Amino acid sequence: MNTLLLVLDLVGTFVFALSGAGVALRRRLDLFGVLVLSFVAGNFGGITRDLMIGSVPPEAISDWRYVAVSLVAGVVTFNFFPIIDRLGSAVLLFDGAGLALFAVSGTQKALDFGLNPIMAALLGMLTGIGGGMVRDVLVAEIPIVLRADLYAVAALAGAAVVVIGSLVQFPSAPATIVGATLCFGLRVMAVRYGWHLPVARPRK
Amino acid sequence: MNTLLLVLDLVGTFVFALSGAGVALRRRLDLFGVLVLSFVAGNFGGITRDLMIGSVPPEAISDWRYVAVSLVAGVVTFNFFPIIDRLGSAVLLFDGAGLALFAVSGTQKALDFGLNPIMAALLGMLTGIGGGMVRDVLVAEIPIVLRADLYAVAALAGAAVVVIGSLVQFPSAPATIVGATLCFGLRVMAVRYGWHLPVARPRK
Amino acid sequence: MNTLLLVLDLVGTFVFALSGAGVALRRRLDLFGVLVLSFVAGNFGGITRDLMIGSVPPEAISDWRYVAVSLVAGVVTFNFFPIIDRLGSAVLLFDGAGLALFAVSGTQKALDFGLNPIMAALLGMLTGIGGGMVRDVLVAEIPIVLRADLYAVAALAGAAVVVIGSLVQFPSAPATIVGATLCFGLRVMAVRYGWHLPVARPRK
């Protein structure tokens, strides 16, 4: 189970790092800027989660594989950007997968550290969306996470499955898989069908 | 005393969360964006303070009431934005009250954790202004805190009262109230009379 | 050795704080905005490093000298901005010196806390570049660090020297000095000769 989570966690880091590198390239940053945004997008969510639950140094800093995966994503994007950019929808799929996985693994980790269920789900959501938020702040944009179709709601739904599974003492492996699948499915459907949360009516 | 502080702390979170939701609505964010900015504006200052003094997990994450209060503020603002927007000066008053309370409660907490007096006052100020700073960064604006009339100076004045009270071993309850009143009064007067700190002269 | 590091660390804080104050003045912020950006630019990198290695409260909060040095830099810049602005290249030199010192001292501190060598170098680099990144984010700009000539690469080179010195059990004082000199030299040469990292080719 833990090996599965680690593999999926690294895959999530990789695809989020791809998104960071893509944003950096569209802003014409140099190679280093690309690598920094790759690392930030892939790891900031997890670092914040680890700091908040008192797990220091954060995994992204103490385990070299997170850095390695982020740098590989940055270099690959740097060299093959036109191709990756054309595969835009593939990246969206990967990104949804990363969101799903980070949300459930973040929730699980928070539960393991003894947080109460509601807070664990909240931290799981934060793990999923944190990297993308800072990525966008660093290029002086309003985070897409704050505006995208059901992005964080999908993360919250996945986290909720893990939390409820834990409350009813369901084995954590299948709960994690169901939660991740729900989050991924919601996000993909939202993108495909343009599902939105309501926006407040403008004033007269 | 601690119950009083908790109540006032939650009131402060609520009014700051209102300000976050208001900013989000002016930027046409959807319901989730509104809720995230509510939470960030209401809790980021306290989270930063708790991380810095090593009190993990931060209260805003471990005590569900902070989240609940933030979400209520977000939903209320989302549904009644035109009304709240018209009560602009009322919100300014609440915001000043929140600033005042966070500044003194943050200072008190830092003193309890053994920080030296100057640093405790600085952390108290940070608790008061941190949420608003990140709120503005997330919508890609220069934080209003950096430019508003006596905003942080008022917070620092309130924090200083708490610190001096602690140094001369004055009971902490009245010192807290005096500090909060001073901060609130300074901020309200600054808004009403347009008090400013100096701005450097431009170059020829 | 530790006294030397402390002195150099404070000098680094001072010159980075100068840069923060300069950015604030160009944006027409008032005196408090200037002081906040001074503190942030001078200390954010170190605070992040300390949070990540679990050294709380961070030095910048527990040792008053870091605050004092930052405020002095802010006040000096506020009063003598036209002169400092004209000494632009002098500030660039100081800034390179600060970067060099923070990179090596951050790496050394991370090694002392038991991080593995690669992560220690990464954290050293972060210590060097963190303050400037947040400084620019607070004025809603893409951090210059992400775009400047060899800025972070120079920091990484200096950090690498410290790490390699530690691996071969070289005494840390000379390794620190060689690392700082290399970083400073690379940065100065990059500015003077316009050395760049590659930028990805635009799409057709």
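Note that the chains are named A, B and C in the order they appear, and that numbering of residues resets to 1 at the start of each chain.
Throughout what follows, a residue touches a chain if its C-beta (ideal position, glycine included) is under 8 Å from a C-beta of that chain, and two chains touch if they have at least 3 such contacts.
The model shown is predicted, which means the values in this text are computed figures rather than measured ones.
Although chain A and chain B carry the same sequence, what matters here is overlap: shared residue numbers make up under half of all numbers found at their interface. Summary of the copy comparison: rotating chain A onto chain C for the best CA superposition needs 120 degrees, to the nearest 5. Our note on geometry: chain A versus chain B, Cα centroid distance of 29 Å, whole angstroms.
Among the residues of chain A, those in touch with two or more other chains are 51, 137, 140. Listing the residues of chain A that touch chain B in their complex gives 51-54, 113, 115-116, 118-119, 122-123, 133, 137, 140-143, 145-147, 151-153, 196-200, 203-204.
Remark: chain B residues 24-25, 27-34, 36-37, 47, 51, 56-58, 61-62, 64, 67, 78-79, 81-82, 85, 137-140 touch chain A in the complex.
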